[in-house]
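Here subunit A shows up in two complexes: once beside subunit B, once beside subunit C.
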Partner chain A sequence: MTDIAAAPARSVGFFFALAPRGKAVFFALAATAVCLLFAFPVFWLILTSLRTGTGVYYVHRGTEFTTDNFHEVLSQEIVLRALFNSFMISTLATVLSLGVTATSGYMLSRFKGPIPNAWFSLIYIFRCVPYVAWVLPLYFVTQKLHIFDSYWGLLLPHIAVHICFFSWIMKGFFDGIDPSMEYAAMIDGCSRWGAFWRVAMPAAVPGLTALAILCWLYTWNEFLFALILTAHETPILTVVMAQFVHELGMEWHLMSATAVIALVPALIVTLFGQRYVIRGLRI
Partner chain B sequence: MADIVLSNVHKVYGHVVAVTDINLAIKDREFVVLVGPSGCGKSTTLRMIAGLEEISAGTIAIGGRVVNHLQPKDRDIAMVFQNYALYRHMSVRDNLAFGLRNRRVPADEIAAAVSRAARILSIEPLLDRRPHQLSGGQQQRVALGRCIVRNPKVFLFDEPLSNLDAQLRAQMRLELKELRLRVPTTSIFVTHDQTEAMTLGDRIVVMKDGVVQQVGTPLELYRKPANRFVASFIGSPSMNFITLRVSADGEHFALACHGWQFRLPARRFPHLGSHVGRSISVGVRPQHVRLGAPVNDDQIALNGAVTVTEQLGDEQLLAVRLGDGEIRIAGADPDLSLPTGTQIEAAIATDHLHFFDELEQI
Partner chain C sequence: MNEKTRFMLALITPAALVLILFQVVPILTGADASFRDWTLHDPKRTWVGFANYLHVLRDAEFRDIVLPNTFGFMIATVACSLVLGLAIALMLNNRFPGRWLVQSFVLLPLMVAPVIAAIMIRWMFNDQFGVVNAALEGLGLAPISWLTQRWTTFAVILLTDVWLWTPWFALILLAGLQSLPPEPFEAARIDAASAWRTFRYITLPMLRPVMVVCIVIRAIDAFRTFDIVWTISGGGPARATELFSIYAYVEAFQFLNLARGSAAAVIGAIVIVVFALLLYRVLNRFVEVSK
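Take a look at the complex of A and B:
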C-alpha cells in the first residue's frame, strides 16, 4: 500500500521540488511555449501580408517584402465598404444586444414566476440548438421578410444569438450584485425600473463593459451568418476576405493583408478592454 | 404622529406560511424590536411594513393610513439593511443625498440636511469617499445617515449590526441608543440577538415559526415569559429547564425527578393543583441559582457534581449534574476552585421558579 501511495506523490512532487528560481524558469518556458503556439499563426499572417504574390509560396527563400498588398486591398471599394459595414454591424449589434441582454439578465436574476421561467426555458432551448442549424432557416426568413443582404438581415440574427448566450452571463453579474441596494433605492424614492436603471446598472458596468467587448469581437469575427445572409449589397469583411480564394486561384497575399487590416480594430478593442473583461468576468 | 398598526397580517409563499396573524400596535416614537431565530418571519414582517413584500392578508397602517398597496417610496419610511446596501458607485455624500434628490428637494436644503446627518454621525471627513473605502462600522454609520437625512416617519432596521464584530456591535448599540435620543422616530428593529433586543427595545416582539409568542417590555419578557420558548430565548445564559412530576402532599405539592425533589406550599402555588399527577417543566435562570445551602424556607436546595466550569473573569459559569440532566449556574465567585466532580450545594428562591406546561407558563 505504501509503495502505491508513494508513486504518484513522487511524480507530482517534481514541480514542487524545484527551487523558487527553477519554478519561475519553468513557468516562463511554459508561458512562452503557449504564447508562441498562438502567436505563430499571427506572425505568419503578417509575414504573408508583406510578401509579393509569388513570394508567398517561397517565404523561406527570399527576403523581398512589400506594402503593395495593403495599397491594393485598400484601393478596392468593396474592402472599404466591408470595413465600414463590419464596424457598423458590430457596433449596432453590441448596443442593441446589450440593451436587451441587460434587462433579460436582470429579470432572470431578480424575478421568479411563470414569465421568467418561460423566458429562461426559451433561451435554454435556443442555446441547445447548434449554431450552424440556424443558418439555413434564417436565410429563408430574411428572404421572406425582404431583409436579406441588409443591415437588419444580419443584425437581428446576431442580436438573437447574443441574447441567448449573454443573458446567462448577465444574470451572473446581477446575481453578484446585492439586491438590497435596489430595495434601498426603492425606499429612497425610486420605482422598480428606476432602481434597476440608477442603481443596478451602474453597479453592473464592469460586467456590461466586458460583455460589450466580447459581443463586439464576436460580431466582428463572425463568418457564417455573414456568408449566408449577405451578398453584394452589404459586404462584410470576413466574407470579402474569403473571396480572395476564387476560381482563378488563391491570392494569399491579399487575403493576409485584409486579415491584418481586420486584426487592427480587434486588437485595439482587446487591448483597451482586456482589463475590463478580466474584472467583469470575475464578479 | 407615526404609529404603526398591523392587523391580522399574514404572509404565504405558495404553500409555505411565513407569517401568521400578526396583530401589533406600535406607538409614535416607540422603538420596537422583533426578535426570534432564523426563519421565524421577523424579516418578512419588516419587509411587508417596508413594502418590499406583498401582504397576503390583513392590513398595515402607518400614521393612520393603510399602506398595503403603496409603493415603498410612498410610505415615508427609511431602512437600514444587514449589509448596509450603500450605492457602491456613489460617494458617501451622494448616498446621503440620493433620497432627497429623488424627491426633488432644493440643492441648498439637501446640502444642509447632509451636513446635519454627517455631523450627528461624525462622518463628515468621509463624505467624499466611496463605500468600499470605508470600514464596516463607517458603512453602518453612512447607512444610518441615509435614514436620518430624509427625516422619515419610520425607521426600519433589518439586522443592521449582524455583520459587525462583537466589540463594534456593542459600540454601535450605544450609538443607536444615543441616536434615538437625538432623532426620536418610530422604529422597528429586527434581530436574532436577544442582547440587542433587550438593550435597544422599548418593547420586544418575540416570534417563532411566523407566530408572535409574546409582546412586552424587556423586563416583562425576562420576568414573566409567556411560554417556554420565550423563557429560553430571552436571557443569557438561557434558562434551565427540568421536567418534574407534580404530586399532592398534604398542604404542599411535591415536585420530583430522578435525583432531585422539593416541596412547595400549595397556598402560594395554587395553579399547580390542576397539574397533580402530571409532569411539568420548571424553569430557573442560571443567575437565580445561588451557591450554598438554603437560608430560609422560601428557598429550595439542590445538590450535584460540577461537570464543567467556564471562567469569565468577573464570574464563573458552572454546569452541575442534576439527576439525569444538567443545570447551569451563573455568578459563581471567579476565585473558587471547582474541579470536575466537586459536590456542591445550591439554593433557589421559589419566587424565581417558572412553571410551564407544553404550551405556556402555568
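Take a look at the complex of A and C:
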C-alpha cells in the first residue's frame, strides 16, 4: 500500500524538484541577458567618460580613472549655455504642447462627425510625412518669420511635431474617462469649457503627467530640428555634442562626458518616474 | 454654425494653427521647390515640371539601393523588435525577484537620445579600439572592420535601432498582457493546456490588436529613420546603406540640389502615406481608431 502511494509521489516530486529550478535558472539567465543587452552600451559610455584622453583607446584594459573630462566639458561656456537652452526649450515645449494637444485630444474623444473625422485624418497623414520633407523648407519659413535661431523658431516646430502623435494619445486618455460626469456638470449649469476644464482635465492629470515626462525627454533628445533651425545664438545640447565629433576629431572622452551629462535626466526618469512613463506609453 | 461646432473648432484651433504654419506650409514649400530648377548655389527657380522626379526615379542609386534598403530596414527592424519585445513582455509578465530591476534596464534605451545611442554603438564597433573587436580577439577570432562593408554596417545600424525600440514594444505589449481578462487563462489551466498552446491560442489572438497598432506606428517611424544612420555610417560605405531620408538629405545638402532632394522627399512621403492609408484600414478593422 505504501509502496504504491510512494511511487507516484516520488516521481511527481522528482519533476517538481527539477522543473521549478530549471524554470528559475532559465528565468535568471534570460533576465541577466536582457539587463546586459540593454545596460551594457550605457555602462560602456559612462566608463569611457571616466578615462583620460589617451586611456580611452585601451578602455578595456587600464584601471586609471578621472573626472577631469567632466570638469573640462563643464568649463566651456557653450556647453553651459546649451544645457540652459535645452532645459528651457524642453520645459516650454512640454507646457505648450500639452496645452495645445489636450484640447485637440478631448475634441477627438468626445465628438463624432465630419469635423473630428477630418481632423483625425489630417493628423494621421501628417504624422506619417517624413521629417526630411519639411525640415529644409522649415528653415526658409522660420527665416521669413524672423524667428530663425531663437526660442520660438525651435519651439513652434517642436510643438507641430508633437501635435499629431500626442493628440492621438490624449484621445486615448480621455476615452478612458467616463463622460457622464461632464454631462452631469453641464446639466448643473456648467458651460462646455467649464466641463472640460473643471471635470475632464483633473481626471486626466495622471495621463498628462506621464505624457509631460515623455514630451520633455523627446524634446531634450531631439537632434534634427535643433541642427537645422539653430545656429550660434541658441546652442542646443545634442547639436553641441555632435559637434565634438567634427571639430575635435572624435575626442571620445569629452564626447562621452557630454553624453553622460545629457543622459542624467533620462537616468533620473528611469529610476524615479517609471510608473508614469509606462502609463504614458499606452496607445 | 451652432454652439457645439464652435466649441469643437475652438478646441482644435491652436493645434491647427501651429500645424498649418509649421508643417503644412513647409511641406507645400518643399513640394513647390521640387518642380523647379533650384540648386543652393544657383537658385534660378524656373519651372521644370517633373524633371527632378524623373531624375530620381531613373537614378540607379535610388532604385537599386535606397528603396530595397529602406523597405528591408523597415521590415527587419519591426520584425526583430516585435519578436524580442514580445519575449521580454512575456518574461516581465511573471512575478519574480528582481523584476523591478529588469524593467528599469529595459526602460533605459527608451530614454536615451538616438544620437547618443548611435555614438555609443559606433564606439563599441570601432574597428581598432572597439570593445566588440577586443572581445572577438579575446575569443581567438579575427577582428572585423564593421563599418567598411555594406552588410556589416547595415547590421550595426539595425542592431542600434532594435536596441532603441525593443523596449518600446516590450512595455506596450506588457501593458497589453496585463489588461487581458484572466478568465480564459484560468479555463486553459483547468483544461491543463500546455504553456505553448495557451500562448498560441489565447495570448496571441487576444494581444493581436495591440500588436497591430505597435507594428503600424513603428513601421511608419522606421521608414523615416535618419539620425542613427547619419551618425553611424553617414549612408556609407560608398552610399551603400543610404535610406530614403539620407538620400534626400544628401541630394539637398551635399550635392546642393534642393529641388532634387525635395523631389526625393516628396516621393518618399507619397509612398509612406499610401502605405499608411492601407495600414489604417487594417488597423481600423482591429481596433476602430477613428471611432
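The criterion applied here is as follows: the second predicted complex is superposed on the first by the 252 of 283 C-alpha atoms of A that agree within 3 Å, B and C clash if a C-alpha of one lies under 4 Å from a C-alpha of the other, contacts with A are read in each partner's own complex, and residues count from 1 in each chain.
Following the convention adopted for this analysis, a contact is a pair of C-beta atoms (placed from the backbone, for glycine too) under 8 Å apart; a residue touches a chain by one contact, two chains touch by 3 or more.
This one's a predicted model, so the numbers in the text were calculated from it and none came from an experiment.
*Asks:* Both complexes share subunit A, so when I overlay them there, do subunit B and subunit C fit or clash?
*Replies:* The answer is fit.
*Asks:* Where does A:Pro130 make contact in the superposed view: on subunit B (first), on subunit C (second), on both, or on neither?
*Replies:* second
*Asks:* A:Phe65 contacts which: subunit B (first), subunit C (second), both, neither?
*Replies:* neither
*Asks:* Just checking: does A:Phe272 make contact with subunit B only, subunit C only, both, or neither of them? Give me first, second, both or neither.
*Replies:* It touches nothing on subunit B or subunit C.
*Asks:* Return first, second, both or neither, reflecting whether A:Leu263 touches subunit B, subunit C, both chains, or no partner chain.
*Replies:* So A:Leu263 only meets subunit C here.
*Asks:* On subunit A, which partner touches more residues: subunit B or subunit C?
*Replies:* Partner touching more subunit A residues in the overlay: C.
*Asks:* Contacts for A:Ser104 in the overlay, against subunit B (first) and subunit C (second): which applies, first, second, both or neither?
*Replies:* The second partner, subunit C, only.
*Asks:* In the superposed model, how near does subunit B get to subunit C, counting Cα atoms only, in Å?
*Replies:* The answer is 10 Å, the least C-alpha separation in the overlay.
*Asks:* For subunit A, which residues lie in the overlap of the subunit B contacts and the subunit C contacts?
*Replies:* none
*Asks:* Show which residues of subunit A lie in contact with subunit B when the two form their complex.
*Replies:* Its residues touching subunit B are 178, 180-181, 183-191, 194, 199, 202-203, 205.
*Asks:* Spell out the part of subunit A that touches subunit C in their complex, as residue ranges.
*Replies:* Touching subunit C: residues 24, 27, 30-31, 34-35, 37-39, 41-42, 44-45, 48, 56-60, 99-101, 103-104, 106-107, 111, 115-117, 119-138, 140-141, 156-157, 159-160, 163-164, 167, 192-193, 196, 217, 220-224, 238, 241-242, 245, 252, 255-256, 259, 262-263, 265-267, 269-271, 274, 277-278, 281-283 of subunit A.
*Asks:* Which bits of subunit B are touching subunit A when the two form their complex?
*Replies:* It comes out as residues 50-52, 71-73, 75, 77-79, 81-83, 85-89, 98-99, 102-103, 146, 150.
*Asks:* Which residues of subunit C touch subunit A in their complex?
*Replies:* My answer: residues 3-5, 7-12, 14-16, 18-19, 21-27, 29-30, 33, 88, 91, 94, 96, 98, 101-117, 119-121, 123-124, 128-129, 131, 134, 163, 167-168, 171-172, 174-175, 210, 213-214, 217, 220, 223-224, 226-227, 231, 244-245, 248-249, 252, 258, 261-262, 265-266, 268-269, 272-273, 276-277, 280, 289-290.
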